[in-house]
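What follows is a group of structures, each given as structure tokens.
Two complexes follow with chain A in common, the first pairing it with chain B and the second with chain C.
== the complex of A and B ==
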């Protein structure tokens, strides 16, 4: 086997895995705190990609400035969206549980976003050029484009910040407290709604960041979020629903595995890997690879 | 007087049947017949979702997956294996049943939540396979030129190759399927499924094997969706990856939620209204999707029990002596 080819596959897999991780941590955070699933999580990423593609020319293709502006915008919009989503989930009451309601509502939002963007920008594939273009680092014979390297750095820094937030700040501790035991958190004076709002906002920003770093890497269209969502769901289930560390680890593993399958087997199976792995894990260890205890649904 | 005519409901049914049978002779518009034929297929599809979500309380996004699997298995049975359209429908039902048992039995080991997530992933995966597994599915080009269903009984031969005969075929299929579902749901089985939705713990304490019944509901719903999908692609005469489009999921959900989860006749009525109405409004596909999306959001937020819920509330008001609502205020 050619070591350069293998190394290239591994490296590509790690980059893709890191991006899966950004998407999946948001999903699993929402599930862990609120027991909701966001069908529109992929569309958040898609909208962020279109926003990034619109911002880049404004700043002469400077990725970093556009990225900073996007993160500020995404944070503001995410806070509002989180507030809206939680308010919507609290209305009515009798239409099944909050889980079903979240899925149906976000499915509606997802469809409106996909078709709205399609109406505005057509479904033609889009791409954006950045100031660093298509240059690449050469690690021996293995190539790592600047865009891939940047995506990896951003993802690693974001994970670092996320874990620092969850483990070292009071807001993050509050989040974990609510995820562990909502009633107990309420008893010690935490406001679960506020905590939940923060969790949803953070997870939406994570998805937007994933979209932003993907812009210079892939050609995209309004349905880009849906394929990525399939991978993210698989990651969430395999890692243990609600388990953030598990999601990051599984995302990396899945990225590498997909890359290897894509390199050595028929390309068709690349997309099936995630699903097959999810079914296998559900059959053998349904609580997820990284779950400490079985969560009873 | 035949028993069907003794109750107002029976009379209404009889009237509907006569209308449905007489319509093609009254109208010569192929377009109208096409809309009605679609309404028949989509109502059956929505009813399959109603079985698993409305009755058994398991939200499933896999129904469109089974509908598409049915389409592809049906088409491949005819084009690759040389079977008839009816063989294709049977094969579609069988494959869907196996897949449904596999994904539901495995995911229900964890929780209902896991089932929902796996059902989403299942559909997304199938859509990718339909696009990329070109050796089998012919990719985005689809499998065109599917033959019309035909009946060969000794010397008798009939092909469903025009709009009118296809409408009658769809009508017969929809009537038979809906009647079968209606019978199952109004029996002990239907009551067991309802119990799963309302109180699973109670059901288990009464000795109901809840997981088995959920798997049963998933399998039953999958077979219905797959057979409808198989017949539908022969109606279209082509199957391509758009059969897995989220459009169908959304349409099904809107019909089931607007009609009322776990209702029978109101859901069927919603199926017809929601398929025919956008045709009357003549909107582009994207705009129609946006409308449906908004209806879905509004339905979930403000109207979670649908039309059937409104009917039930009205009946309650009437039976409580009109104290809660003035007579004639509706």
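== the complex of A and C ==
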């Protein structure tokens, strides 16, 4: 086997996997805390891409400055959006049916965002020029474009920050406590609504970060979030819904597997990998590969 | 009592107005992808369609009545395309313009045949539309643009005349368009002794092409023939440039639209050669005037879809006028006798398969500049 070809495929797969991971962790975080499925999660990424494309020219194409501004903006908007989402889910008062409500609500938000952006910016494919251009690192004969390298570094740093937040800070511990047992968390004085708001905001920022790092790599249009979101759903289901570590691991594995399948078999099969794996997992281990043991009694 | 009288008279007004309103305008249906992965194509087609309708209506319309459009979104999806065709037929349109994507046209063809409604298609390029239309097949479908078979032959002939390309890889979307184009290119290449080293089909709307590009970079292909929707093609070309894959581009390419213009300026299309149904650069007075009108109205140059939308309306309006009645069968019969002077300099007439043989354009790119090599007649 040709080591350069294999190396290039593995490297491509890892980069794609890390990007899947950024989208999937946000999705699984929302499910873990709120037990909701967010169909508008891909549109958060899409809006972030348009925002990034609008910000870049303001800073002379400097990715890092634009990225920093985007993260600040996204954090502010996400906090507001999270407050709005939770308020909308809480209407009706009975407290039940939050899952069904989330499906309809987020699907509606997704439709409004896709068509709203299309109205404002047309559906023409957009390409944002960044300071990276078409440059690439050469590791022997293996190439890693600056844009892919940057996406990987940002993803790894983001995952590091996310795990540090979840494992080492009180806010993170509160988040995990609510995910584990909402009633018990309430009893020890945690406010589940506040925690949920924080979790939703964090997950929206994760999606915005994914959008930002994709800007130098892909050309985009209003529907860009939808195909990526489908993959992220598969990752979340395979990894165990609500399991963040599982989502990251599965996303990486899926990226590498897709790359190898595409490299050595027909490209058509590349897209099927995620969904075949999802069906297999649902049939044999419906709680997901990385689901924690369920404590009984 | 008062209320009841009001209600009854209101109903009477509505009943009286209904048929009268329907007679006031000639209804033309449009099935186009207004959302989804090729929404930009639908948007550009609508620009051409609306411009043509405005011009015709300003001059008094057809049959002394204005044209009214009923526009429906087919999402470039074959099953939605069937629903849209049925809906437009229910709405009583005289004829349908559409459906842009080859898969969407092929899906709508049996529907319009069953209902007896003319379908004018000016964008979809799959060769199987010609095979299924006209003599011995579906007499209700008329195609204005050349198919991918004719374009691929012209493209390959030009490529072969350059002498530098002996090995080609094909990358196409996994749709009727992509598969039809790939097959047509492979056949044309074989006839000219050019070897096809690989053929890859990817889903429509794919964003990541690193795997295909990694393989192609090592395949020894001197050129890559593309049959992709514009957004996918822009992604492919951008990533090809970044990964440093050196093969020249060919197949079905155009260079209009913001993303493609940036790629062109960055040199990502250099050495590209293509046969395409249209190029805004074509130097005929009619095309120059059309491009100027579009730029004035939308601030953007004409794309293939805008050009096609404009000619679709004019060809159909002329047929309705010749038929002398908005009757669907009469319009179909009138369409078969079409003789329309295209902006590209050719004359649109339909053959036995209701396929027109408009001119098409061979372009090449050198140093970020598009040059029209030839505007040739397809046959």
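One rule holds in what follows: the second predicted complex is superposed on the first by the 289 of 297 C-alpha atoms of A that agree within 3 Å, B and C clash if a C-alpha of one lies under 4 Å from a C-alpha of the other, contacts with A are read in each partner's own complex, and residues count from 1 in each chain.
We take it that a contact is a pair of C-beta atoms (placed from the backbone, for glycine too) under 8 Å apart; a residue touches a chain by one contact, two chains touch by 3 or more.
Keep in mind that what you see is a predicted model, and the values were worked out from it rather than measured.
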> Which of the two partners, first being chain B and second being chain C, lies in contact with A:88: first, second, both, or neither?
Replying inline: first
> Which holds for A:118: it touches chain B only (first), chain C only (second), both, or neither?
Replying inline: both
>> Quick check on the superposed pair: does A:134 touch chain B, chain C, both, or neither? Answer first, second, both or neither.
In response: second
> Is A:75 touching the first partner chain B, the second partner chain C, both, or neither of them?
Replying inline: neither
> Thinking of the overlay built on chain A, is A:109 touched by chain B (first), by chain C (second), by both, or by neither?
Replying inline: first
>> Per the definitions at the top, what is the overlap between the chain A residues touching chain B and those touching chain C?
In response: 114-115, 118, 226-227, 267-268, 271
> Contact residues on chain C for chain A in the complex?
Replying inline: 35-37, 39-40, 42-43, 174, 200-203, 205-208, 210-212, 214-215, 218, 230-231, 234-235, 238-239, 241-244, 257-260, 262-263, 266, 268
> Once bound in the complex, which stretches of chain A touch chain C?
Replying inline: 2, 4-5, 8-9, 12, 15-16, 114-115, 118, 122-127, 129, 133-136, 143, 145, 147-148, 214, 217-224, 226-228, 258-259, 262-263, 266-268, 270-271
> For the complex, which residues does chain A have touching chain B?
Replying inline: 31, 35, 37, 39, 88, 91-92, 94-96, 99-101, 103-105, 107-112, 114-116, 118-119, 226-227, 229-230, 233-234, 236-237, 241, 267-268, 271-272, 274-275, 278-279, 282-283, 286-287, 295-297
> Residues of chain B touching chain A in their complex?
Replying inline: 57, 59, 102-103, 106-107, 109-114, 116-118, 120-122, 124-125, 128-129, 132-134, 246, 249-250, 253, 257, 261, 286-287, 289-290, 292-294, 296-297, 300-302, 304-305
